[in-house]
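A, B, C and D label the chains in the order they appear, each numbered from 1.
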Amino acid sequence: MSGRPIIDISGLSKLYARGLPALRELTLAVERGEFIFITGPSGAGKSTLLRLLLLQDRPSNGRIVVNGYDLSTLSKAQIQEYRRGIGFVFQDFRLIPAKTVLENVCFVAEVLGMTESQQKRRAFQVLKSVGLQHRMNAYPAELSGGEQQRVAIARALTSDPSLLLADEPTGNLDPDLALEIMNLFREINAGGTTVIVATHDRELIRLVGCRTLMLDQGTIVEVA
Amino acid sequence: MSGIRFALREGFASIWRRRTSSALAMTAIALAALVLSSLLLVTSNLERLLSGWSTAAEFSVYLVDTATSDQRGAVEAAVDGSGVAARREYVSKVDALARFKRDNAELEALAAALQSNPFPASVEVQVQSEKQGSAEVEVLVAVLAKLPGVADVRYDREWIRRVTGGLSMVRRLGLIIGLVMMAAAALTVAAVIRLAFDARREEIRLMYLVGAPYRFIRGPFIVEGLVLGGLGAGVAVLVLWLGFRAAFAWWTPTLSSLGALEVLRFLPVYTASLVVVGGAVVGAACGFAVSRRTS
Amino acid sequence: MSGIRFALREGFASIWRRRTSSALAMTAIALAALVLSSLLLVTSNLERLLSGWSTAAEFSVYLVDTATSDQRGAVEAAVDGSGVAARREYVSKVDALARFKRDNAELEALAAALQSNPFPASVEVQVQSEKQGSAEVEVLVAVLAKLPGVADVRYDREWIRRVTGGLSMVRRLGLIIGLVMMAAAALTVAAVIRLAFDARREEIRLMYLVGAPYRFIRGPFIVEGLVLGGLGAGVAVLVLWLGFRAAFAWWTPTLSSLGALEVLRFLPVYTASLVVVGGAVVGAACGFAVSRRTS
Amino acid sequence: MSGRPIIDISGLSKLYARGLPALRELTLAVERGEFIFITGPSGAGKSTLLRLLLLQDRPSNGRIVVNGYDLSTLSKAQIQEYRRGIGFVFQDFRLIPAKTVLENVCFVAEVLGMTESQQKRRAFQVLKSVGLQHRMNAYPAELSGGEQQRVAIARALTSDPSLLLADEPTGNLDPDLALEIMNLFREINAGGTTVIVATHDRELIRLVGCRTLMLDQGTIVEVA
C-alpha cells in the first residue's frame, strides 16, 4: 500500500436540518486496496459517511477526494459514471419489489453495457457466490430477511467495483453466513478492490482482523 | 442505441408488470381525450351546420316594371363584378306570382281575383358566406339601389346578424372551451401518470444510486408515459368514432329531416391524429418529469 | 364515536400530508365532474331552447267569410275542450290584412290595389309542447275541419316533425352521453383515488397487522375519498358556474338576438348538488374499496 | 411455569407457492411468561413461524392454539382484537414513512382506545426506554438504521402486550445497545409478558441465557 490514497477525506462535516451534526470535522485517508471496518454505536454517523461517499447526499463542509477527483466538482453525468465504479450494499437493501432477484441483479449489469447473455452469466455468478442461485426467480417479498440482504450484496458485486461500500451487510445473517460473506469480500479485496464495511458485529471484526475505525457522535474516536 | 432498446423493453415490461395500475391510468387518460375529441367533433360540425344555414343570407333587387333588359344586365354585371355574390338568380314577374301562389295557398281567392300581376321582377343575390355582414355587401347594396330601373333593394339583415353572430359565438366558445379542455386533458394525463408513478419513487432513487446513466433511468418512463398517453388517446378516438357511427346509423331519419345528414362529418384524420399524438407527447413529458432526480 | 373522530382527523391529516398527490387527484376528479356537469348544463339548456321553439308549432282554423259568431264560438269551444291547446287567438279579416301588409312590405302596390279584403278570418291555435305531433292533435284537427263555418285547417307538420324529432334526439343523445359520462366520471374518480392510494398499500397492511379495528383502518380512507371526490366535484360546479356567468356577460347581445337570453339557465341547485354528492359518494366508495385487507 | 401453555403449536407446516417448505411438522409449546430465543440459519423459517403467530399468513397444515383459542377459527374482528394483544417487531421495521416517530407510536396507542394525553405519555415513555425521546419529531427517513429499529421496538411495547414477538430486533444495533434492549425485554418479561425473539446473535443468546430453539430448514433441530 503506497502512493496517493484512493479516498482522501478532510474536514468533513454533515449537519441535517434538525438535530446534532451527524459528522464533525472528519479526516481520513484510505489507501488503494485497503479493507476497513467502520464501527460505532447506533447513530454515530457510519451510514452518513458512506452516503456521502456515494454522493447520495452532499457534505455541509469539507472535501472528499476519490481517485484524485474532488466529488463536489463532478457533473451530473460524471456522478453517474463515478457511481458505476462503486458497489454499495444499502443498510435497508433497496431491492426493486416489482423485479425478480435475477432482474434486480441483471439491471446493474445492463447499466454497465453488458449483453444479455453476459448479464445472465454474471448475475448467476454473483447470486451463486452468496448462495442464492436457487431463489433467482423469486420476488424480494418472497425472500427471508437474510436472503434479501444477500441479494443486495450480490447486486453490489455485479459490477466488479473498484470500491465496495457495505452498510451493515450482515445484520440479518447468522454468524457462519456472515463470516462466509466476509471471506467473499476478502477475496474481492485481494483482487484489488478497496472495501469499506460499516458494522456493529465485533465478533466479525475480530475474526477478520483489519484496520477498524470507531465512530462516535460524528468523530473518529479510535483506530485499531 | 442500447439505451433505446432498454427503454422500450423496460417501459413495456413495466406497463405489463403493473397492468392494473396501467389500465386505470390509461382509462382515465382515454376519458380526458374522449371529452376533448368529442368537443372538437361537436364544434366542428356545429360550425359547418351554421355556416350552411348562413349561406341562405341573400338580398333581392326589385326592378321597376318598366326596367329594360339593359338595365337588368347592368344590375347583374354590378352584382357579378362586386365579388361578394355566391349566386344570383333572375325572378321574373311571372315567377314571382307563381311563387306567391305556392307559398300562400290559403290566399287562392286573392290570387284568382288579381286582374294584373302586381309582383315586381327581381334579381336574387346570395352572398358568399365569408362576406356576410361585411362592408363590401353594404357598398354593393347602396350602388345597386341607385342604378336605373331598380325600385328597391332589400335584404334580411336580421337573419344575417343572427346567423353570423351565432357562428362567431360558436367559434369563439369552441376555441375557448377547446383550449380549456385541452389544458384540462393534458393536466389529467399528467396527474394520472404522476400518480401512477408515485409508488415508484424509491425505484427511481435506486436507479440513480447504482449509477445508471440518465437515458437508462428516464428512457423507460418516457416510453411508458408515451404508450399510456398515446394508447389512452387512441382508445378515446376509436370510441368516439364508434359512437359517431352508431349515432349516425340510429338517427338517420331524424338527421336527414334536419338536413344534417350530409353536413355531419367525423373529425378529419389530421385532427384525430393530433389528439393521439398530443396524448403521447403529454404522457412522454410526464414520464420525463417524474423520473428526474429525486434525492 | 372515537372511530369517527379518528377517521376525520386522520383523513384530513393525510390529505394535508400528501398535498401534492391530493391536489393532483382532486384536479383530475374536478375535470371529470366538470365535463359531466357541463354536459348536463348544455343538454338541459338545449332542451329548453328547442322546446321553446317547438311551442311555435301551431295551426290555423280558417273560417268562411259567412261564419257566424256562434260557429266561431263552437270552434273555440272545441279547441278549449280538447286539452291540447296552449293558447288560441282569433285573427279577424282586418287583422289578417294588416298582418299581410306588415309581412310583405314589398307588395304595397298589391295591397293598395285590393278592392275587397280577400283574407279569411281564423282562429290560431298553439299546441302544448308535450302534445305536439300527438294523435290527439290530429283528432282535433279532423274534428275542427268538419265544423260548420270552417273553410280549412292548416298546420305546419314539417316544422313540428323537425322540432320534435330534434328534441327527442337531443333528449336521447343527452341521456346516453350523460350516462356514459357519468360512468366515465365515476371511473376516473375511482382510478385516480386508487392510484393516489397505491403508494400506501404498505401502510394499510401495517394497520391491519397492529390489530387496528376495521373502522380505524377504513374510516380515514373513506373520509379522504369523500373529501377528495366531493371537493373535486364542488370545484367543478363552481368553475362551471363562473364560466357560465362569464359567457353570459360576454355574449349578452348575441344571445339576446338569438332569443336565448331568457331561456338559458344554470343547472338547478338539485342537479348541482347531485353532482357534488355523487363525487363524494364515489370517492368514499373508492376509499372503502382500497382499504380492504391487502394480505 | 405450569398450567396450560399460552402457545400450543402442533404439526405446523407452511409451504409457499414455489420452493421448499418453510416449516415442516413443527410442534412446540410455550408456557405463559416464558422468554424464548429462536435461532437458525438464514431462511430456516424463523420469520415464517412468527408471521403465522401474528396471523399475517395462514398455515398450510397443523394447528396453532394461543390462549386456548385455535387461531384458524377466529373471525376477522377477533383477529384484529387478538393482534392488539401482541407486540410485534418486524424484521424490516415497517414504520409509516409519512408519520413522525411520535405519530408512528401514538397510532398504536390510539387503536387501543387511549385518550390523546394518555397516548402522548405512553409514547414518550416507550421512546425513552429505547433512548429515542430526542428524535420524537423526526420522520423515519431521517433516522439511522438502528434508530428506526428502536422505533419499531418502541411501537411493539406501546400496548404493553401479553405476548411480544420480535423478529431480529437487534440486527442494526451495536452489542451494548442490543444487550440494553434485551434487558428491557427481560424486564417486560418479568412483568408477565411472554417473549419470543428470533435472532442470529449467539453472543446475545449466551449473555441472556434462555431456552433457545434452533430451527433449520423448517424443523427444530436443537433445544438448549
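One rule holds in what follows: a contact is a pair of C-beta atoms (placed from the backbone, for glycine too) under 8 Å apart; a residue touches a chain by one contact, two chains touch by 3 or more.
Note that the coordinates shown come from a computational prediction; the quantities given were computed from them, not determined experimentally.
Novice: What's the farthest chain from chain A if centres are computed as the mean of the Cα atoms?
Specialist: Looking at centroid distances, C is the chain farthest away.
Novice: Quick check: how many Å separate the C-alpha centres of chain C and chain D?
Specialist: For chain C versus chain D, the centre distance works out to 62 Å.
Novice: Any idea how many Å lie between the Cα centroids of chain A and chain D?
Specialist: 29
Novice: Between chain B and chain C, tell me the centre distance in angstrom, where each centre is the average of that chain's C-alpha atoms.
Specialist: 23
Novice: Hey, how far is the Cα centre of chain B from the one of chain D, in Å?
Specialist: Taking the average C-alpha coordinate of chain B and of chain D, the gap between them is 67 Å.
Novice: Graph of touching chains, which shape: line, ring, star, complete, other?
Specialist: ring
Novice: Applying that definition of touch, give me each pair of chains that meets it.
Specialist: Chain pairs that touch: A-B, A-D, B-C, C-D.
Novice: Which stretch or stretches of chain A touch chain B in the complex?
Specialist: Of all residues in chain A, those touching chain B are 54, 56-57, 76-77, 80-86, 88, 90, 94, 96, 98, 107-108, 110-111, 113, 155.
Novice: Show which residues of chain B lie in contact with chain A when the two form their complex.
Specialist: Its residues touching chain A are 2, 6, 14, 17-18, 200, 202-203, 206-214, 216, 293, 295.
Novice: For the complex, give me every residue of chain C touching chain B.
Specialist: 21, 24-25, 27-28, 31-32, 34-35, 60, 62, 106-107, 109-110, 113-114, 116, 118-120, 152, 154, 161-162, 165-166, 168-169, 173, 184-185, 187-188, 190-192, 194-196, 198-199, 247, 251, 253-255, 257-258
Novice: Report the residues of chain D in contact with chain A in the complex, numbered from low to high.
Specialist: Going by the criterion above, the answer is residues 16, 18-19, 39-43, 46-48, 91-92, 134-135, 137-138, 142, 144-147, 150, 167-168, 171-178, 200, 202-203.
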